[in-house]
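Input: structures, listed below.
In what comes next, subunit A is part of two complexes: it sits with subunit B in the first one and with subunit C in the second one.
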Partner chain A sequence: MKRGLVAFLALATVVLVAVAWLQSGGLRQHAMFSAVTPEEAVQALMSEIQAHNYQQAYASLDRSSDTDLASFIRDVAGSDGSLRTYSSLQAAEVSPLHADRDQALVRVRMNWSSAVGSLDDVRDLRVRRDGSVWRVVWPKLALPTVPLQVVAVNYLSWDVIGRNTSQNWGAQDVDSPKVRITSMNAIARPGRVVILGEVENEDTVPAYLNVNATLLKADGSPIEEEGSFDLISHVLLPKQVSPYRIDFPGVRMDAVKSVRMDARALLVPASADPVISVSDQALSKDGLNRNVLKGELVNQSGRPVNIAQVLAAYYDNSGKVIWVSDGYVDQALMPQVPVPFAVDIPDDIAAGLKNYRVIVNHYSRLSN
Partner chain B sequence: MRNRQETFALRTEASIWQRPIPVAAIILLALAIHGPLLVMQLPATTSYDANLHIFFASHYAHHWFNPWNEKWFAGFSQTTYPPLAHQWIALLSYVVGLAEAFMLVQLAAVVLLAVGAYRFAKLWVNERAASYAGVLAVFAGSIAFLVYSAGQLPTTLSASLYFLALPYFYSWCISASWRSLLKGVALALAAASAHHVTLIFGSVLFAAPVLWLAWYDGRENERPGAPILGRGLVFAAIAAVGVGVVLLPYWIAIIRHPIEQMPIPHASRSNFLMNWVYGMNYFIVPYGALILALPFIVIKGASNPRLRVLLLAFWVTFLIALGGTTPVPRWIFGRAFEILTYERFTLWATVLALPIVGLLVAHVIDRFPGLGAIGVSTAAIASLALAMGWLYWSPFRTSSSLNVDSVVAFLNRDGHDQYRYLTLGFGNALPKVSTYAAANSVDGEYNSARLLPEMTRYGAAQLTNAKFFGVAGMDSLRAMLLHANHYGLKFIFVHDPFYEPLLVFGGWRQVESYDSGAITVWSKDDAPPARTISSDAVPAPWEGWMWGLLPMGSSFLAILFAWLLVEPRRVQVEPRRAHEGATLPRETPERVYASEVRS
Partner chain C sequence: MKRAFSSDLALCRRLAGLALLCFLPGWARAAELQVPALVEAGQAFSIPLGGSGQATFYLLGPDHVVKRTVNLGSDLEIVSSDVRSAGRYQVILCDTSCTSATFEVRAAQPAHLSFFLHPSRVPVSTPDSIDASAFVFDQYFNLVLTPAAVDFRVTPASGAGFSQRASTRQGVTWMRMNSTPHEGPVRVTAVLGNVDEARVVQQVAGEACRLSMKAVVSGNRVTLETDPVRDCSGNALPDGTVVSFTKLDNAGKSTVDTPIKKGIARMDFSLHGRAQISVACGVVLGNEVALNGKL
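After this line comes the complex of A and B, so read on.
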């Protein structure tokens, strides 16, 4: 009895631990790190990146990779306070595109958890056989160099003085800047109602703006209230126009009789600096065959912009706003360095759009 | 070997090494070890949950008979958590203040746990080994881990009360002593009032082995087993009814709103073999030197028929405490596996093992009197030292020590408490803000009470720690910020610049900065003043009265019974430990010698 019980407890414990190890993916992880297939090599690399083991990840790369450790880390972990530095790899989905005896092309769809939400990134990676294992060939990050130069800062800026610091925030003893919702369009999308349009600062001073919408029933009672959140440019300089979009998930259009719009503006200090130009805009398809608006952003000022958000408004033939979409750029905008961007457009919207307009919101650590 | 025999043969009286350690000495030791650490208020700065329990207690201090607390989640019911520990803190806080009251109750829990471990061990082994179990409980890494790292006061208090109740349960089963019945039931009700989970699992893991022991000892004494088992069932039935009544508001709350939110990841559910840091945190540190004793526990427990059920209870608890390292907890609990956390099972496994470890210590000291005592003491101190050192070495850091005075001052002036607020990057300092600020928050640290869809749909815990839950956490935070106006969420306090971009793009402006920029205040200018969010989870007034009276009453009753109902010595049952070669009889050094020679 004694020996039997001891043996049973010991054996059962070992078996249970082994079962859990297998269930937890221990065997799969072991196989993955052995990298005997191109997919396993990419998965192992992604796993190291996910765990922030950049040195091990770099060590696992193929020797033909023309990148160095510093460039590799800049590429996967970001630099200059970019959005990538506020991100961590959440998941990576690997699918083979092409493979022969010594080389393979593997597509990896990375999902990043970032400070502004979930971000997707798709890369096609070349993988080479190295003896019994496969290794990823990581291309070197191309970093454009900008010649030494002086950038004159002569953009407009507005300061607010004489503010009573004891008063409550948001309450000001001056008139609010005059802002006007210039267009509003309610559309039905799958599973939601969307309110979109444009708002203009008609004043001669900058405005800090939030736009809210309340959907009303036929009897005038509210169905739901939502705000534009990050689908608007909150700081509007004089005469500046911003698109906005407000989503009402779970609401059906036939339940809505009217919409009450509320644009609240506040006088704030503001500056036209940094100016970010948008160039080479074009409608095209991305690697996953989705409709996108592509282009390049160039920071025309002398200070880096850490995180940029592209906000695009799409118009139909009559000039009505039919959609507003946004996308965050995961690279920092260094002065004079062009950075590509792409924002999604739903297929049905892409078919009907006639024109579009892009504005850029930004976050810079120094200015906050 | 011959030399050792000669050494033993010279003894004619019990040496100091072979005497049981008095209970008073165990209590003094617990006070000496844990008293200074708690006087320094260590759990308030190093533990995860101490501030949470102080927050709960502060609500009872202000609203004893109203368990609806509007300071978190736009309103939640504190009937979702048994109140005894919190109410004792609240009661003592009128005299010494909240934090000090927490430390006093925690100290009482630690002392009672040592005594409980001793009294529980006495059921299974002799006085001497049991006294070693009591001493080892003082140094147990799992207790230090739960007190100073996890800050789980209700778990430690409940466990101590429950282990104190078990000897009365045994005594009632064996001797039908009504005094034991009353004291046992009162202690069990008090234990349930401190932490319901302990009672639920304790019924199977602790009480069932004790009932078996009563049956086994009864059989050895040629007593019929049926009455013993029947009395066990009577005790269980009375306790079940009592717990049902005392915690009725809890049962109503849990039936009305069962926990259906998305599971929130917890490291104690991990496979410790896949992540050595988790293994260190939840296995090596809590068990400490007890790991070295595992083979002895299994061999000794298996070799002695009287200890076998205790061994099995320990083994099952040990496997559950391993979280995802074995599939056992998932098999046992099903979906509830994703709701429970498993560090408390380590404490229970430790106390279940201590009777057998007490035997090991007695064995070692008998064989190597001076050296053995030094070795055992060193191992015990090393276990405690490792648990305390891990507070510093661990990669997991709490934010409990963050100075939140400026945040509290901001919220308590100029009518800022008309609005709700949120903290980001404050970690376990959030309850500190909530305890002392008049304003209400949409966030909170107690996951089981959350009903707001912005929090329950995403599988993330506190919004203040959103980034640690990846996409789920940030989506949950984003959903809450989207509905800021609905909740009157105007102010956000940021202690981690990671969250600033979302606030900037989402329409918040930085309005203040404290501690050289370590904490920034952000405001949403169009947020209206907060309004009451209606909820069907608000307890009825009679529930508030029950909640305010019965749990506390059960603890007073337990104290009263323990004080007044003294067991007559003649009905005390001496288990048949002396018949077993495995254990050491009291005050009989000759038989110890003989036992050693045999081995």
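After this line comes the complex of A and C, so read on.
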């Protein structure tokens, strides 16, 4: 009886320890440290990143990785209020590119869910054999060093003093900014109608802008009304031009007789700072063989820009806007540091485009 | 809230009763009421009442009702505050029977101007771009429907001012004018007798004109700087206006939207071989600069 109790207690202890080990990710860790193929190694690393176990993920890296824990976390989890800091890894597709006995190259397509939708991050990772297991070699995040300097920011900013509600009828108020839709094009895309074009702030004050479109039937009755949502630069400085795109999913072009456009502008406080340059723009293919417009963003001010969105307008031979695409940059734009971006272009649009123009929307937590 | 509701209810009941009183068939006529046909707003007057004893007097105006017990055989005083609103009034006097009369209250002398000047900003040299409308009211804010002459005095920041007189029709008059070629505030004052109201319209620079830039190369960088950006009338575009620089070289295309600062826009680019650089402001294109590849 006494022996039976001892045996039972010992068995129960072993079972509980095993359960605790499993619950604490021991199985996954075991899988990671016993990754027998390069793909398994990358997949295990992605699992740790997905679970926000950055220390364990870092511990699983190959020793030849020239990154440190802080840089690794900065790379995968984001920093400085960037979009990546508001994102989480949703899924990772791993595909081998090349492998030999001791080294392999594995492509991973990370799909991050964020407040502005899903974002793809495609990386080619080097994986090395370490005894019986494979480990990922994580490159150090290359951050260009910027010379110490004082950046004088003396761009104009605008404040608005509105009308006092206690004033009599007829008291003077400040008019809304004057904006103009300079071009509009309606195109049929698979499963939808798209209205796109450009709009200009013709005024001498900043404008907060919304462009809406209503599709009309032959009898003048509306089919549907939509706004440009985030496919526009909402804040336009004087004489600034923004592309816009309005999607009408589920609408067929042959049902549309005409389009009613409506650009509404509000006078808002704004700042001309920061200036963001878009350099080295070029059309190319990405790792997944998609047509993309690539380039670099450079924040020319002295303050970080937390979240940046790239808006690109594409033109045909006649200068007509044939497509507008956008992409969010998941890194913060630190002063003077180039940050790469890429926005998708549909294949048929890429074949017919002659020119393009890129502008940048930005959001900064410290903006005033 | 409840009290206000009950007071509204009481007023409604009173008005309904009065309306019924007005339209009762077989209306019995008491003493004739002699009221002036036309009264100026806010002007007190009296109505002589014949007979003797007491009667109930009602005054029904456009925005209020008065009920009073009066002594017949004396003058009924209508005080100034009872006839402040322009419109049609009805007086009813009831003792054993009722009698009524109507009179009109017209706006008093002009005392207030409501002045609209639109827009608040206007590009220079734009025809028929400024609208000025003046509404004339008396001291009780009744619209004065009799014609009155309003002077619109226009005082630009630079250059000679002018004045234009216009007569009101149905209480309103307006003027339309061109913006002048020079930027700056334009003060427009509507004047009627000793009453005046002033508004300001800001004339702003129009589209950029003859936009041009120059390039200064230093090593593998180029500094681009526009000439002072002005419109076709020579007015400087305001600081903060966006100027777009576009560079095309071996590294691809680079674009910057940069605001004008102190009248000019400036930008630095790195160079990679031959470069073609253009400048634009809104929909206005400027000159192009070609740089050779010896950089």
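Things worth noting here:
Just so we're on the same page, the second predicted complex is superposed on the first by the 320 of 368 C-alpha atoms of A that agree within 3 Å, B and C clash if a C-alpha of one lies under 4 Å from a C-alpha of the other, contacts with A are read in each partner's own complex, and residues count from 1 in each chain.
Note that in this section a contact is a pair of C-beta atoms (placed from the backbone, for glycine too) under 8 Å apart; a residue touches a chain by one contact, two chains touch by 3 or more.
Everything numeric here is computed off the predicted structure, so don't read it as measured data.
Of the two partner chains, subunit C is the only one touched by A:V174; subunit B is not. For subunit A, the partner with contacts to more residues, out of subunit B and subunit C, is B.
When both complexes are overlaid on chain A, the residue A:E39 reaches neither subunit B nor subunit C. In the superposition on chain A, no contact is made by A:D330 with either subunit B or subunit C. Once the two complexes are laid over each other on the shared chain, residue contacts for A:S279 go to subunit C alone; subunit B is not touched.
Contacts of A:I359 after superposition: subunit C is touched, whereas subunit B is not reached. In the overlay built on the shared chain, the residue A:N212 is in contact with subunit B alone; subunit C does not reach it. Taken together, the two structures place residues 168-170 of subunit A in contact with subunit B in one case and with subunit C in the other.
Taken together, the subunit B residues at the contact with subunit A in this complex read 271, 273-274, 298-299, 302-303, 305, 308, 311, 315, 319, 322, 324-328, 414-416, 467, 470-471, 473-475, 478, 481-486, 490, 497-502, 504-507, 509-511, 523-527.
Remark: subunit C residues 114-121, 135, 197, 199-200, 204-205, 208, 237-244, 246, 251-259, 261, 267, 269-270, 281-283 touch subunit A in the complex. Residues 154-156, 158, 168-170, 172-175, 182, 200, 202-206, 237-241, 272, 275-282, 295, 300, 356-359 of subunit A are the ones touching subunit C in the complex. Here subunit A touches subunit B in the complex through residues 1-3, 5-6, 9-10, 13, 16-17, 19-21, 23-26, 29, 83, 86, 88, 90, 111, 113-118, 166, 168-170, 208, 210, 212, 225-230, 232, 234, 262, 264, 266, 268, 306-307, 309, 361, 363, 365, 368, going by the rule given at the top.
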